[in-house]
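Dropping the structures in below, format is structure tokens.
Both complexes below contain chain A, partnered by chain B and then by chain C.
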Partner chain A sequence: MFQNFRLAMAWVHTWFGLVLGFVLMVVFFFGSLSVFDREIDRWAIPESRFEPQPMPSFDRILKPVFESMQPSPESVAAMRPRVDGPMPEHFDTPVRWGAYTTHRDPVLGVFAGYQVPNAKDPEELVWGNRTIDPRTGESLPDDHLKIGSQFFYPLHYSLNFHWKDLGYWIVGLAALIMLVALVSGVVMHRKLFRELFTFRPGKSSQRRILDLHNLTGVVALPFHFMFAFTGLVIFAGMYFPVTHTQLEPLHDLHEIIEAEETGLPHERAGVAAPIASVDAMVAEAQRRWASKDMAGDVGFLAVQHVGDANSYVSGYRAGTDRIALTGEGIHFNGSTGEVIREDPVPSAVENIGEFLTGLHLQHFRHWLLRWLYVLGGLAGCVCIATGFLFFVKKRKRQHAQKGVSGARTVEALAVTTVTGMLIATLGILIANRLLPANLPARGDWEQYCFWAVWALAMAHAFWRSGPVSAVRTAPAWIEQCRAVAVLAVSAVALNWITTGDHLWRTLSAGYWPVAGVDLALLGSAVLALWAARQLKRRDRRAARAADESAAGEVVHA
Partner chain B sequence: MTSATVFRRQIVSRTAAALLGGYVFAWGFIALGVAGMFAVGMSFHDAEHLFSMLALLLYLGVFLWSFAAREMRQVWLVLVGGGALMTALASLIQHALV
Partner chain C sequence: MPDNLMLLMALLSNVVGMGWLALAMEVHWKQVRGRTPRGNSTVLGLRALGALALTVSLVLCLKVDHPSMAALVWVMALAGAALVIAFTLAWRAQWLAILLARRPARARV
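Entry: the complex of A and B
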């Protein structure tokens, strides 16, 4: 049906790229913000603006916290249909306690999983989470949203749309299409190396847009490919649950063999036993890491089969100094404190898997690379956005003549996913500073504001894109650029007013998490204003040209 | 039939083959890889990770092939037939092991 391979690839690139491009835009943009998720958290939760902390003492700080925890009402409610009989008021059998931290976390996230009596699948647990100040063990309010790590970050892989996990599947499809678009894009152009150095600002705007599309796509080609691919690898178990459906029996067999090999009990013994000093176990783990010349920060600490004679404690080394996440786990008998096992050196496949996952999640310490990630992600956004614009430019005239609204709809959607998305992002930051501190379910309100603002921006984009049908650019672009500038400056001002942390103070104190967010906001405001001015100028030029040609026609007539 | 309808029908068939056929094929590839390699002594997690990664690249390849191939019948046959065959083989191997 296609005359040749290249035309087939061009069709795939154009149409799949267009449809999934809107999702990819969200994934790339909020993925880029997630590189600084913890810094955005500091901006959003002023009481957490202090220096990153190491894993606190388990015996003094963490144990009392875990013991006072219970599963969240949401987790209990979600479990209810999978239980025979009523749910208990109080969950008495914690199966797993865990705490994870990185070199960028002042506050510590902890979680606990509990056995559910009469659960249809006895392995399924209900979960509770808490965020604590690791210096004192005091809890932070649950309804204060960590906008970076609890909203922007999950948005980039699940769209925060959890019904039947549909959001994950949409993003997974978009990631596959990203790979498809990259390969088909390379096939379409062939002159790969030349694209790297081609940007002709003097040429027609359609040519300029295509140059920029190719340039941003090719410059960061390995980056784009790796991120789409590693993102899929991270969730491969969800997209292809082979070993939890078809091969479940084989998986169970492997788990029994593994428990025998590692000596880590798969089941509870059913005999209560108190936990020994975990601090002593951590000290032993650190001694063993130090003897191998490794930094001794604990990244992940977990207790399995809590309170049972079969309990064991696992300490993992933080992934601050390498690509892979936490590793070199050492496991202790929970009630005697003896070492059961040291994880062996990972196999080649494990090394590759951990490298790919770590490359995507970047919990290592390397600030320059962190910024390059942001640049790569934003280059992806530019690539996708210019793809939309090229699609519109190419068809605008034709659609205007035929009287079809395709180009106008795509342009309005492009406005929604480019400037509209920025407006929504600024909207949640502003809501975060304006909503009363003691408002119940404050975090939920912040999220509603985000979606409401985005919906408004979309309505505005559709309303103010009429001129596209007359082969002009949508006025929505200019107006939304101005809105971005105003909102970004307002967010910085509101941070100052509500917390007193103005730029002069954060910069002179060298407190980069908040100073960085503020500076990025101001930078965005400047860029948005510049873009609005450029667009305005171009509009005027186009109007003048149209007047002249109209006048010319009159003269010639 | 007008050429537009033929084109539309082709596009639907190719898109379905690329997405669904590709999925079945990738599934079968993972299942056979995990069961087969576990049977010959590779660790379960290694087999799982290795074949998931390879399957994703394979999915990308067959997706593009679904649009590039001349003959659609062949695409459907290879993707769904091959995928089902690999899935069945995986179950047979599992049956022999468990």
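Entry: the complex of A and C
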């Protein structure tokens, strides 16, 4: 079919890259934003604009919160078809309580899982979530969307498309294709090292775009490769769900044997018993970590078999100073407070697994590395976007002559996924500041705004990408760049008007999470204006050249 | 030395190292030094200096962080440094003359 291997690779790179490139663009861009998800949360929820807090006292703050919780109506509704008979009004048997925090969280997310009477699978639980102010234990409204960690972040790995988990599968396929595109790209490129530093802005536009595509692809190749790969590793359990399909009996047996080995009860005893002081257990865990020269805070705290004689409490050290999310788990008997077990030093395989997932999820404290990840992610965006542009440039003239709309459609989709995506992102931030605070289901409305704005940007992209001339740029690019600038400045202004937190105040107070988001918005506005000006100038030059050549032809005639 | 300063030095060391490695390549040498010929020893020297600077950067990263984190910082900083050098070569190639201990010429040859 192809004359040689390289041509075959070029075909794979072009067509698979084109189709899944649009998904990858979303994954890379929202992945880059997710590096600062918790900071974006604070911008979006002004009540949470205070300093990050350590895990609060369980006995005083967390216990009353957990005791007042119930599963969410969504979780109960989802469970209904898997229960024989009616669902209870009130769920009395909590199986698991948990709280997870990092060094960047002012507010604390907690969750509780409850036994469901008459469930077809007795191990299946219904879940409730809550976000609290760890200083007081007061709840934050459930319908206020944490835009960073509850919208941008899941968009990065699931496109927020949860029907039959299809979003996860599409992103997984895109990550696989990303790996294929990297390998095929390297095969096509040939001069990987010889042209490592090559970017020739003075050359023809096709050459220039290809240079930038190669540059951003090659210099960040380790990043692109590792992130596509580790992303797949993180969701491997979902892509290969063997433990709950073919190997389920083995999995269940393993759980029981493991419980025997670790001494952590697998089942409830059926005898009620109150919980001892968890604060004392946390203090003991911290003492043990400190004695191993690993002093640290609790990152994850969980209670299993709540209220039962077999209950146990697990405390894990926050991985602030290392790549692994948490570690060094210590487990206590819930009713006596005695240590049952200290997790052994992880094996080499466990260490590698934790390194791979941890480097991707990045809950560690390292601001330089965080910014370098943003750089890698944005380099990925540039690489994908220039891939689209190269595709279009190469075919534009040809398609215009033949009257085919292929290049035009791809260009409109490129506008939608580059500037259109920025407009949608700014749209949700603006909606967040404009919607009334007490609007019911406010978070849902914010999400509708995001998708509506993106759909509008797409319509605009198709409308304003008419082939004015085969050589000219779609006007949609320039117009959307200007829109990005206006919207970004508006978002900063609205933050000031609605919360009083203007840049002068946040900067002088050193409150970087909010100041950083505002500065990034203003920076984007400047870049967008600059891009619009450059595009306009180039467009005028192209138009003049076209006029001159047309005039030349008239003279010849 | 404070950690932040060491990390800053690591970043700089990577940029300088990437610059030397670029100058060891003929096309980039010409961008900076025009037709001035260069000997084999210059090429080897530039490569060695480049490799040394990148190594120094890695050592600095390792001094600041746990090895697992330092490796990530270093690899990502390499990508950033390569971009800096590529863009400098594209628009202000003369600036790299500094890495050859020369004053940047006004106009490009």
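Note that in this section the second predicted complex is superposed on the first by the 553 of 557 C-alpha atoms of A that agree within 3 Å, B and C clash if a C-alpha of one lies under 4 Å from a C-alpha of the other, contacts with A are read in each partner's own complex, and residues count from 1 in each chain.
Here is the rule we use: a contact is a pair of C-beta atoms (placed from the backbone, for glycine too) under 8 Å apart; a residue touches a chain by one contact, two chains touch by 3 or more.
As the structure is a prediction and not an experimental result, all values here were calculated from the model.
Superimposing the complexes on chain A yields a three-chain arrangement in which chain B and chain C fit side by side. When the two complexes are overlaid on their common chain A, residue A:Thr417 makes contact with neither chain B nor chain C. In the superposed pair of complexes, A:Thr131 makes contact with neither chain B nor chain C. By the touch criterion stated above, A:Phe240 is placed in contact with chain B alone, chain C being left untouched.
Centred on chain A, the angle reaching out to chain B and chain C in the chain A superposition, using CA centres, is 90 degrees in steps of 10.
After overlaying the two complexes on the shared chain, residue contacts for A:Leu369 are found with chain C alone; chain B is out of touch.
In the superposition on chain A, A:Leu179 makes contact with chain B only, while chain C stays out of contact range. Legend: residue contacts after superposition of the two complexes on their common chain; A:Phe197 is shown touching chain C, with no touch to chain B. Once you line the two complexes up on chain A, you'll see the smallest CA to CA distance from chain B to chain C is 19 Å. By the touch criterion stated above, chain B contacts chain A in their complex at residues 6-7, 10, 19, 26-27, 30-31, 34-35, 38, 43-46, 48-50, 52-53, 55-57, 59-60, 63-64, 67-68, 87, 90-91, 94, 97-98.
For chain A in complex with chain C, the residues that touch the partner chain are 194, 196-201, 215-216, 219-220, 222-223, 321-323, 355, 359, 364, 366, 368-369, 372-373, 375-376, 379.
Residues of chain A that touch chain B in their complex: 1-2, 5, 8-9, 11-12, 173, 176, 179-180, 183-184, 229, 232-233, 236-237, 240, 242-243, 246-247, 249-251, 253-254, 258, 347, 349-350, 352-353, 356. Only residues 7, 18, 22, 25, 27-28, 65-66, 68-69, 72-73, 75-80, 82-83, 85-87, 89-91 of chain C touch chain A when the two sit together in their complex.
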